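These notes open a run of structures that come right after.
You will see two complexes here that share subunit A, one where it goes with subunit B and one where it goes with subunit C.
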Partner chain A sequence: MKKILLLTVTICLLIACSSGDTSNGNGDNFDRTAMLTNWADNIIIPSYTAYQAKVQVLLTAVATFNTAPTETNLQVVRSSWTEAYKAYQKTSQFYFGKAMEIHYNEKANTYPTDIVSINSNISSGSYDLELLSQYSKQGFPAIDYLINGLGATDANIVSFYTTNTNAANYKKYLTELTTQLKSNIDLVVTNWNTSYRTSYIASNGNSVSSSVNITTNLFVKNLEKYIRSGKIGIPAGVFSSGALFPEKVEGLYHKTISKELLTVALQAEQDFFNGKHFNSTATGPSLQSYLDYVKAVRSGQNLSTIINNQFTAIFTANTNLSTNLSAQISSDNSKMISSYDAIQQNVVYIKLDMMQALNITLDYVDSDGD
Partner chain B sequence: MKIKTLFTTLAVTAILSLTSCTDSDDAGKFNYTSPSTYTFERNSSSSVNYSGQTSRLLMLDEMGNYIKNTATNGTIADNTVLVNMYSNTSNPFSTSDLNTSGKQLKDKTASSKDYFTLFLGGGTTTEQISVRALFETQFLNAKVASQGSAAAAGVAGVYLDGTTKRLFAANGLEPQQVLLKGMMGACLLDQIVNNYLSVNKLDESSNKENNTNKIVETGTSYTTMEHNWDEAYGYIYGGDNLTTTPIALKYWSSYISQVNADADFNTISEDINLAFRKGRAAIVANDYNTRNEQIDIIKAKIALVPAVRAVFYLKEGKAKLVTDNGAKAFHALSEAYGFIMALRYTNKPGTNSPYFTKAEVDTMLASLTSGTNGLWAIDSLSPKLDAIALQIATKFGFTVAQAETVN
Partner chain C sequence: MNSSITKYLNTYSSAATLAFFRLAFGIMMFFSLIRFALNGWIEKFYITPQFHFTYYGFGWVKPIGNYTYLLFIICALAAIFVAIGYKYKLAILTFFLSFTYIELIEKTTYLNHYYFITLVSFVLLFLPANCYFSVDAHQKHSLTFEKIPRWNIDILKVLLAIVYIYAGLAKINSDWLFEAMPLKIWLPANSNLPIVGSFFNQNWLQYAFSWIGMIYDLTIVFLLINKRTRYFAFALVVIFHVLTRILFPIGVFPFVMIISTLVFFESNFHSTVLKWISNKLNFTAVYFENNKEKTPEYSFLYKSKILFLSCFLAFQIVFPFRYLLYPKELFWTEEGFRFSWRVMLMEKAGYAEFTVTDALTKKEIKINNSLFLTSFQEKQMSFQPDFILEYAHYLHDYYQQQGINNPEVRVESYVALNGRLSQKFIDPEINLANIHDSFQHKTWILPFNDTIDGL
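And now, the complex of A and B:
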C-alpha cells in the first residue's frame, strides 16, 4: 500500500508540474517530421507543380492568340486562364520561403485590379512589373481585364489585339503578364526542388519560425484574410459598415468564375487540414490527425470533426450563392453574409481552438484598434 | 479505513501539487493599492486615454438632440443627416473635433470581439447587419413622424407630452428612445463587456507579455491592455462633466447613478467604479487574477442597470396607459424597449453569453408591439408589461417592487 501511495504521489506531482519532455518541443510526441514530409511531398510541391503546368498552358495559349488573334483563340486563352487561376488557389496558402520573398501572392492576385494604370501601361509601353506599385496592374485580375473586360463581346475584345492602334502593346502586355506568372512559379518550384524541401522538413520544432508554425499560421491567415475577407467580406461590405463593393470581387470581368474560385480555395483549405494528397483520396499526417493525437475536444466533440463539419456547413451555405458573386451582392447580399458567417465560425474554431490545442503561437494580429 | 486513508492522501496530494505549481494564490505576492479616483500615471503623465469613447458618446448625444430639436421646432428630421451622423460621413456634427475624429458609432455597433468576431453569445455578422439596419430604420421613422401631425393609433406623428413634443412611429414607439437606449446596449455595453473587458481582447496577441514588461504603445504612456481597460471605462464615464453644477452624467454613468438612487441598489455606483479602479491598478501591477475578478463584478453589476431600468419603465408606462389613449405611457415604454434591447448585449460572468438570449429578447420586444398598432393596443398591452417586468426581475434576482419604486 505504501508503495502504491508513493507511486501515486509521484505521478500526481509529475502530472501537476511537468512541462513535458518531448521530441518536438511542444509537449507532445507527435511526429512533426512525418507531417511536414506529407505536406511538402504530397500537397505543397504537387500543388505548385500542377499550377506551373497550367501557367505553361496559358502561356502557350497567349502565344497562339497573339499570333492569330481570333475569337476562338481568345476562348482558349480564357479557359487556360480559368484553369490556371483555379490551380493558383491551391497554392496561395503556402506563402512562405521563396513565395514570400518574391511576393508571389501580391503579384498573382491583387484585386480589384487597377485598370486605369493598366491602360496607361499599355499605351506607354513602359513599366517595371517588379515594382511594388505595379502589383495591382498584373496577375490574374489584370489578365481578367485584358481577356474579359476590354469589350462587351469577344469580337470587341479581339479588336483590341487586331485593329486597335495599340494592338501590339496589348499583345505585349498580355504576354508579359503571363510570363511574369510563369517566371514566379518557376522560381518557387525550383527552390522547393533544390534546397528548400530539405530545410523545410528539417525545421520540425515549435518555435515561431519553425515550418509547422509558419505553415499553420498561413493556413489560418489564408482562410481568414484571403478567403473570408478578400473573396466575401470586403465586397459584401462587412468591413465598410455595410457599404457594398460588388466591383471588388475576384474574377470581376469574367463574371461567373468568382464562386468557383471561392469553392476551390475552400476545398484546398479543407484538404490541407486533412492532409489529403494532391489529386488523390489518400491522406497523410495533418493538422487533423495532430488535433486527434493531442485529443483536442470542444464541447465534448473532437475538434477535428467540428472543423470538418463546419467546412461542410460552409459549402452548404455557399450553395445559395450565384456563380457571379458580384451579382449576388447586388441582388441579395444577405446570402453572402451567411457564407461569411459560416466561414468566420470556422476561423474561430481554427484560429482559436486549433492553435491553442496545438500550442502554436499566432503570428499575425488584426488591427481593429480604436 | 485504508481506502479512506488512500483517498485522503490523494486529495491532499492533489491540493499540494496544485498549490506548488499555481499562481492562483496571490496573497502577499502583490503590493499595490487602488486609487480613490480613476487616475493612473506613468513617468508623471497620465496613462489614461479614452478620447475615442468620449467622441462616440458626444456623437450619440448630437443624434438624440437632433431628433429632439426637430420635434420641438416642428421641422423635418432628415434621416440622411442621421445616417451620416451614425457613420460620421460628410462632416455631420457641430464640431470639427467630432467630424475629424475618425470615430463613428456604426462600425462599433454590435461589433465586439466576443459576440461578433468569436460568435460567442449567439452573435453573427447577420445579426450585426440587422441591428445596424434597425437603428437606421429609427432614423426613417423619426423622419416620417416629423412630417406627420398628431400621433394616433397607426399614425406616425407628434405627441405633446406635457410641454415636451415627442415623435412617435405608427406603432407608438419613440424612435429617439429606441436609438439612445438601444445604442447604449448594442454599441456601448457591447463594447464594454464583450470587447474591452473580454479576456480574449485584453490578452490577445502579445498584450499580456507587453503589459507585464510595461512595453507601452508607440507614442503613448500606456500598454495596450491598460488602454483597453480605459476604453471600457470611457464608454461608461467618458461623457461625464464633473465640473458643472449639478454634475452632468451621460448614458450608462447616468443610469448607474439613477439605479443607485434606489436604496435597493445603492452600492452599484461604488461597486462598478471601484471595480474599474481595482482592475486598472491590478493591470499595472500585473495581477491578472484580481483583474479578472473585477471583470466579473463589472459584468454582473452593469447588467443590472438595463434590467432594473427596463422594469422601472415598464411599470411607469403601465401606470400611464390610462392617459391620452395610452400615448402618455409611450415615452417610458420606449425607454423600456431600448433597455430590453440592451439586455441582449449583457455578459453573464463565466458564460460569455448574455443573461437573456437574443431570441428571448426578441420575443419580449415582439410581445410589446404585437397588438394592433403596436403600443396603442393598450388593453392587451397592460398584462404583457407585467409579465415582461416579472420575467426580467426574476432572471436578475430582484423583485419588480424593488425596481418599480425608487426609494
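And now, the complex of A and C:
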C-alpha cells in the first residue's frame, strides 16, 4: 500500500514539475540550428548587407545630384533608387529584432505617400522623421514623389532643385530621406553583426517566442499582408467592394516599377521558403526541407511541392500584368484579381497547411489541449 | 423493485473510498485553479477578449470582468472546503456552480476534462462524501459513518469508465487506425526527447501508439475492476498518462485521471492513505471507524435521488451518440463532437476571412479578425462552424451599430483535417447573418470530399 502511495505521489510530483515549459526546448529532430544558421548567414544578413550597399549608392547619387542638379544626375538617382527599392523588397519579411524595434518597414515603405504633408514639410523645413505621423512622408514612396512625381518631364523635376524658390529645402529633404534609410539599415546590420546573430540562432526551440516561430510567422505575414493585400488587394479594390484605388500601388510616380517590385518580393518569399542562398543557386536547410523532413504529404504530393507549384502559378498569373500595375487596374482589373487569387491560395497553403504540418503556432497564447 | 436491484442498493462499502476521492478531488481542483491563475489565463481567456463565444442556449452566461478573479477565488476556496469536508454540501454546490459558470463564459477554452470535472462535481452533490474523514463528521459525530451504500462509489467508477470507453470507441476510425492520424503529425514534434525521441519519426511507432491508445482506452477500466489485473492496470495508467503528459500539452488531465483511477482500489488502500495522512498531521482518525452503516430510508426523496442519478447516467451513455442523428462527417462538421469524450482525436486547423457587405450600398469591408478576437479565439473559431456563425452574428451586430445597412456577413474559409490538404469549408455565398444556430444540420458547411470510416 505504502509503495503505491509513494509511487503515485512521486509520479504526480514529477508530472507537476514537468508541467512548466512544454513547448520550449523539445521538438522534432530536425536541425533547427542549421536552418537558423542558413537563414541568418546565407539569406538574412546578405540581404540586409546588399540593401545597405544599394542605399549607400543612392546616398552618393543624391549627393552628386544635389551638387549638380542635372537631368543626367537625376537619372542616376532614379536608377539607384530603383535598385535600392528592389533590394529592400528582399528584407521586408525579416521584421523582427532591431528592424521591428526601429519600425524599419513603416519608415521605408509606407504607401501611398502623403504628398500634401511632404510639400508642407519641405516648405516649413521642420519635421521629425522619427514620429509615427511622419511614416507616410518618408521612405521609398516619398523619394519616388521627389524624383518622379514633381513634374511631368525630367526638366520640370530638376527645376524644383534649381530654380524653385525652395530648391535648398527640396535638396535637404531628399538628402534627409535617403540618410534616414541609410541610418536605419546601418542600425539593423550592425545589430545582426554584433550580438543579434548569436542569440537568433541560439533560440532554436519551438516556443511562441523562438526564432523559427517568429521568422516563420513574419514570412507568412509578409506574404499575406504586405504582398497580397498591400501590393495587389488594396489597389485592386479587393478590400473596398470593388472600388478601385490605382493611386495606391507601390512606386506610383515611377509608373513602371510596381510589377517588378511585386515580382522581387514574391521571389524573395519563394527563395526564403526554399532556403536559397542570397545571389546564389545553392540552397540550405529551409521550411521546404523541414516540411519534407516531417513527411508532409498532401493529396499524394509533398506539401512543399504543392507550395512551390503555387508560386509558379502566381508567377504565371503575373505574366498577364502590365509593368505598371496602376495602369493595369484602370484598364483590366480582372487580371489583378487573378493574381490576387493565386497568391491567396498560397497564403492558405502556407498559413494553414504548412504551419499545421510543422506544428508552428500562429502567434497565439499557449494553452492546454484535450 | 426488482430484487437484484434492491440487493445491490443494500450492499455496503467503506466510506473511506469516497472520502479519499473527495479529498483528492478537492486538492487537485485547488491546485489546477492555482495553476490556471499563475499561467495568466484568467486574464487572457476571460478578461481580455471583447467578445465571448458561448454555448448554444447559454448565451445568457455573461463575463463578469474583473470579478472573474473573485469567482476563481470562490471556486478555489470551495475546492479546499470540499477537500477537508467542511460544510461539504454547500462547498461542493459552490464549487459546481462557480466552476461551471467559468466554463460557460467562454466556449473557446472547452476541454473534455473540464466537462468531466463539472460532471463529477455534480454527482458529488448527491453523495455523502463528508461522512468520513471530514471536518463535518469530526464536528458532528452523528454524521459519521464507516459504511455507505456501494453505489455511491460505483457511480464515480461509471463516470470514469464512460470517459475511457468512449474515448476508445472514438478512436475506432480509419484515420486513427489506418493512417495513424493525427499522431503522425503530433509525435514528430517530440523527436528530440532522450532515448525514445528518435523513434517518433518512424511510421511503425506512430501506428503502434494509435492502436495501443485505442486498446488501452477500451480495456483499462476492465483491467482496473478485476482484482487480479489491478496493479498491472494501474501501472499502465501511470505509464500511459505520464507519456501523454510529456508528449502533448494537455495540462492537468493526466494527473486527474491517474489519481481518479485510484478509486478502483480496495477500500483498505484508501483507509491506509487516510490513516497515513492523519498520522502525518498528528490527529487521530479512529473515531471515524464507528462501524456504523449509513442505512438509507427508502423515502420518496432517496428513491427520487436514485432514479434521477440513474437517468443522469443513462443520459451520459446516450448523449455522445447524438452525432448519429446528423448526416455528413462528424470530424468535418463537428455536429455532436463536444461532450462526447473525443479526446486528442484529430488535428484540425482553419483559415477564415470575413467580409461584411452593406445591403443597400453593397460596400464591402474585409474583416481583420485580430481587431475583434484574441489569437486563441481566432484559432478555435476558424475551424468550428458554430464559432464561425456566432462570430458572424457578432460582426453583423457590430457593423449595424456602425451604421452599415443590414450588414451581410460572408466568410471565405479553409480547413485542413488530419493531414489532408486544406479545402473550402463554409459556403462563401451564404449570408451568415441570416442563419440562426440550432441543433439542425448545418447545410452551409461544404462537403468534406473524403470519408473517414468508423464509429
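In the analysis below, the second predicted complex is superposed on the first by the 336 of 370 C-alpha atoms of A that agree within 3 Å, B and C clash if a C-alpha of one lies under 4 Å from a C-alpha of the other, contacts with A are read in each partner's own complex, and residues count from 1 in each chain.
Note that in this section a contact is a pair of C-beta atoms (placed from the backbone, for glycine too) under 8 Å apart; a residue touches a chain by one contact, two chains touch by 3 or more.
Since we're looking at a predicted model, the values are computed, not measured.
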{"item": "Of subunit B and subunit C, the chain that contacts the larger number of subunit A residues", "value": "C"}
{"item": "Which superposed partner A:348 touches (first subunit B, second subunit C, both, neither)", "value": "both"}
{"item": "First, second, both or neither for A:238, with subunit B first and subunit C second", "value": "both"}
{"item": "First, second, both or neither for A:362, with subunit B first and subunit C second", "value": "both"}
{"item": "Which of subunit B and subunit C A:282 touches, first, second, both or neither", "value": "neither"}
{"item": "Which superposed partner A:337 touches (first subunit B, second subunit C, both, neither)", "value": "first"}
{"item": "Partner chain in contact with A:155 - subunit B first, subunit C second, else both or neither", "value": "neither"}
{"item": "Contacts of A:202 with subunit B and subunit C, given as first, second, both or neither", "value": "neither"}
{"item": "Common interface residues of subunit A - those touching subunit B in one complex and subunit C in the other", "value": "1, 4-5, 8, 12, 15-16, 238, 241-242, 348, 352, 362, 365, 368, 370"}
{"item": "Residues of subunit A touching subunit C in the complex", "value": "1-2, 4-5, 7-8, 11-12, 14-16, 18-19, 22-23, 26-29, 206, 238-243, 294-299, 303, 306, 347-349, 351-353, 355-357, 359, 362-370"}
{"item": "Contact set on subunit A toward subunit B in their complex", "value": "1, 4-5, 8-9, 12-13, 15-17, 238, 241-242, 334, 337-338, 340-341, 344-345, 348, 352, 362, 365, 368, 370"}
{"item": "Touch list for subunit C against partner subunit A, complex", "value": "31, 35, 41, 44-45, 109, 111-113, 184-186, 188-193, 197-198, 200-201, 231, 234, 238, 241-242, 245-246, 248-255, 258-259, 262, 265, 268-269, 272-273, 276, 342-345, 347, 349-351, 357, 362-366, 374-376, 378-379, 414-416, 419-422"}
{"item": "Subunit B - residues contacting subunit A, complex", "value": "2, 6, 9-10, 13-14, 17-18, 20-21, 52-53, 87, 103-104, 106-107, 113, 117-119, 124-126, 129, 132-133, 200, 204-205, 231"}
